[in-house]
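Think of it as A, B and C in the order they're written, each chain with its own count starting at 1.
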Amino acid sequence: MSNLLPQFIQQLANGLTLGSIYALIAIGYTMVYGIIGMINFAHGEIYMIGAYIGLVTITAIGVTAGYPLPLVLGGALLVSVAVTGLYGFAVERIAYRPLRGGPRLVPLISAIGMSIFLQNYIQIGHGSRDISVPALVSGAVEFQLAGSFFDITIPYSRVMIFGATFVLMVALTLFIAYSRMGRACRACSEDMRMANLLGIDTNRVISFTFILGAMLAAVGGVLIALAIGKLSPFIGFIAGIKAFTAAVLGGIGSIPGAMLGGILLGLVETFAAAYLPAEYKDVVAFALLILILLFRPTGLLGKTNVEKV
Amino acid sequence: MTKNLLEVSNLQMRFGGLLAVDQINFSVRKNEVFSVIGPNGAGKTTVFNCISGFYKPAAGSVVLDGVHIEGLPSHAVAEKGLVRTFQNIRLFKDLTVLENLLVAQHSQIKTGLLQGLFATPSYRKAEHEALKNAAAWLHRLGLTSVANRGAGTLPYGHQRLVEIARCMITKPRLLMLDEPAAGLNPQEKIELAKLIDSLRTDFGISVLLIEHDMSLVMEVSDRILVMEYGRAIATGLPLEIQNDPRVIKAYLGEE
Amino acid sequence: MNQDSNASAASLHTTTTSISVAKGKSLRADVLGKNLKSAFVASVITIILTTPVLGLQLKMVSYKVVLEQHWMPVWLAATAVFVFQLLRPIWLVNRSAIKLPSVPDLNAHRQKAIIQALLVLGLIFPFFASRGAVDVGTIALIYIILGLGLNIVVGYAGLLDLGYVGFYAVGGYTYALLNQHFGLSFWQCLPAAALVASIFGFVLGFPVLRLRGDYLAIVTLGFGEIIRLLLNNATNVTGGPDGISGIPKPTFFGIEFARKASVEGTKTFHQILGVDYSGSHMVVFLYLVALALVTFTLFVTSRLIRMPVGRAWEALREDETACRSLALNPTKIKLSAFTLGAAIAGLGGAFFAARQGLVNPESFTFIESALILAVVVLGGMGSQLGVVLAAILLTVLPEVARGFDEYRMLIFGLVMVLMMIWRPQGLLPACRPHVELPK
């Protein structure tokens, strides 16, 4: 009985960690959907690319060369964020921009093609097998009450995920609320044509949205790679669908919704995995997605829309 | 038998906190052309959408020949004999004119899957009937030559006609036209007025009309409802409406 | 009046063209200058993007992660991008001069005739081709069936179904399970597979078909994945990751194509004919069974699209609101497309199981759905002939280009993107049938 509380807190920590990753990726989906009404199917692969670039950077800097951890980690994050952001930019320019304004099916299919392309592109460069990630961040936070079963271990790598996500979420919220570009983003997601007529460079805003989403996903990718200790080119697909579920759960188009949805999905999935056979936990995410879309398609923080005829 | 084909009582529609339409009461008699007019933004299309089932009204009732239809989904309303056109022509643009008219008869063609797969005599007869109906309407509107052209390739005025024919081919009891004269040249408007009148006399239906073109409205309407800011400000005969000071104020402002 | 305006338009056009040709020579230098900058930027971006993926490749050497340097692909990519960006505007201006291979205009009658010709060709083909070729042909035929089925859902009704592979799987596993538990033969299970798949289509379609396009896509993707995961995990029923094996091949009115009969006393094909046993008998027979299924599917789908239900699908794809205003119930119409499409996938699945001899979840991943979708999209949504050609193309090309195996999926993804940019309507866009009006 006394095991229950520490186990619960342990799972809570795991759930928050997982949820943070989902939130980071989900923001990319929700921002793009909010602004151009398209599901960026390739976004999951962008997350995976971010992880790989982080690993390449870490390997390039060389773990054993004795460089201090913050430098290696910071360097990996910086490089990954920059390059992955560039990938986000490139994908939009190449595969989506030429298709804007046409029937909705067309960019979606292009996105699927892009997703397949990117996944195989990474496989050509880095192979299709799992690659291990050096454990840069070791050690954990431990709570232990002497003489009882109360024992919680939260690895620093996971704390870092939650911490980084929290900081980024706050920064993003402030940015969207108070900066010029943030205002432009909000204007474009409300009414693109009007924003254009008012002189906002909508192309730049759209590119910015893709870049920002990719950057956040990259942070998630690098950190989770460090936490889990291995990488494969296939993590993008599942993570992408789940992050999209999170975005829908929170209300597609709403950034706080993506954050909330991500955390919630992470918690639900972690607790479900604790009580269901492990293989079924993926089913939980899909089932949740279907349920939300059936019963509350606007999500938790979204607004109900009456379709104007 | 009720005298009124359509009775709208206390109709109200909200969008979020915004009260778009409130306290709308009117009725359309059998064989009548009833027009709804008013400045832009008055809520006319909203009323249309509420009646035809595209919006669910916040309050009020819509009764079609004694049957409540408020809250019913749009295809159910159409099945009860109330069809409508849209401000932006919604033809099936990539389908041919003929196909547009055939699709509209979908709910009247009662053949099943297997009958169609094996092209049974009853299936072929039903298809032939549908073709004949479509041909009749094309002939009536002088559009036989464009039967196999994509509906979207027709000039605007003809597209409007096809849209009306498409509605009529469903054998409705009430036809709702949302700004049918928009974008038509004066000659086409005269033809349209004649067409609307003939629909009433030849087919015995009632027509509910939203329109901005005053001469058209005055010519075809039996009665008129004037809306402003979501509310009704006057109802009556065309001549009465023309001289109603409230209506004049709504359109022209205070002198 | 028309002739005059045509003439003046033509002369105006000639004038403009001659002006632009004259300016063209000086424009070209100008244009080149501006392009140089953008080409340079693009190639720098390419270098940045490809370096951490192609330039520095991660390899595991005795449990350690190292980087292998491969700078050639990076330079190649950068150069290609540079040249492309440099020449692109010039190429765009002169587009009319370069005739892209245009697709011939084929009306409905010609398309039907071509399909019939292909069927006849298909019938003769296995008796003159090598065993390997017939095998590839059989795979192509499976994708034709699946493509025709998905064509109803995506091409006609306009519903983006990314989980079509789920129904394919249901068909395959239905045959496998019915055979395993009740000993039913292929031909008995075929209609059952179609029926069970259609039931799945109905049950899954019912709640989700009112969702909008992209949401529907993701939900159907989810369904496809759920089906695969359930098949993977319900080991007691479905055999889990190993699946179900030992699935018998179809017979020809009870005659098997094996070396020895499985039932004592009966004769197998080669014994009846008095020839030596050859594996190619079975291969050809399987091919012919697939061809029969394709013919059946073609017949059914051709009829469907000419029936009221087919018209309703197309109307729905065009404008759902207009449909509702004409008393067409969108949910019922979508459901009919979904269910019938699923039934066809079930047929394909049952045949697949019979040909493979086994089914496991690995054969039914999302990539399959994407592949079938590519067949429909590349072929031209709504065009039967287009689907047939695209299925053949997408099956045969990878076999022919065997050396590029590694790059197969890469090129596939790239082709999908390029097709959407270059020709989103597909190779053969559907054309409207011409109907004679009764007098």
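Quick notes on this one:
Criterion: contacts are C-beta pairs under 8 Å (C-beta built on N, C-alpha and C of every residue); 3 or more make two chains touch, one makes a residue touch a chain.
These numbers were taken from a predicted model, which means no experiment stands behind them.
Core chain by CA centroid proximity to the global CA centroid: C.
When C-beta pairs in contact are tallied for each pair of chains, A-C comes out on top.
With each centre defined as the average position of its C-alpha atoms, the distance from chain B to chain C rounds to 42 Å. Taking the mean of the C-alpha atoms as each chain's centre, chain A and chain B sit 49 Å apart.
With centres taken as mean Cα positions, chain C sits 31 Å from chain A.
Residue positions of chain C touching 2 or more other chains, listed in rising order: 321.
The set of chain B residues that touch two or more partner chains comprises 54, 86.
The residues of chain A that reach two or more other chains are 309, listed in rising order. Touching chain C in their complex are the following residues of chain A: 38-39, 49, 52-53, 55-57, 59-60, 79, 83, 86-87, 90, 94-95, 98-99, 102-110, 112-122, 124-127, 129, 131-134, 237, 241, 244, 248, 277, 279-280, 282-283, 286-287, 289-290, 293-294, 297, 309. Note for the complex: chain C touches chain B at residues 300, 303-304, 307-309, 311-312, 314-315, 318-319, 321-330, 432, 434-435, 437-438. On chain C, the positions that touch chain A within their shared complex are 45, 48-49, 52-54, 56-60, 63, 65-67, 154, 158, 160, 162, 207-208, 211, 213-215, 217-219, 221-223, 225-226, 229-230, 232-233, 321, 366-367, 370, 373, 377, 406-407, 409-410, 412-417, 419-421, 424. For chain B in complex with chain C, the residues that touch the partner chain are 52-54, 73-76, 78-79, 83-86, 90-96, 98-100, 102-104, 106-107, 109, 111, 113, 116-117, 119, 123, 128, 131-132, 134-135, 138, 144, 147-148, 150, 166-167, 170.
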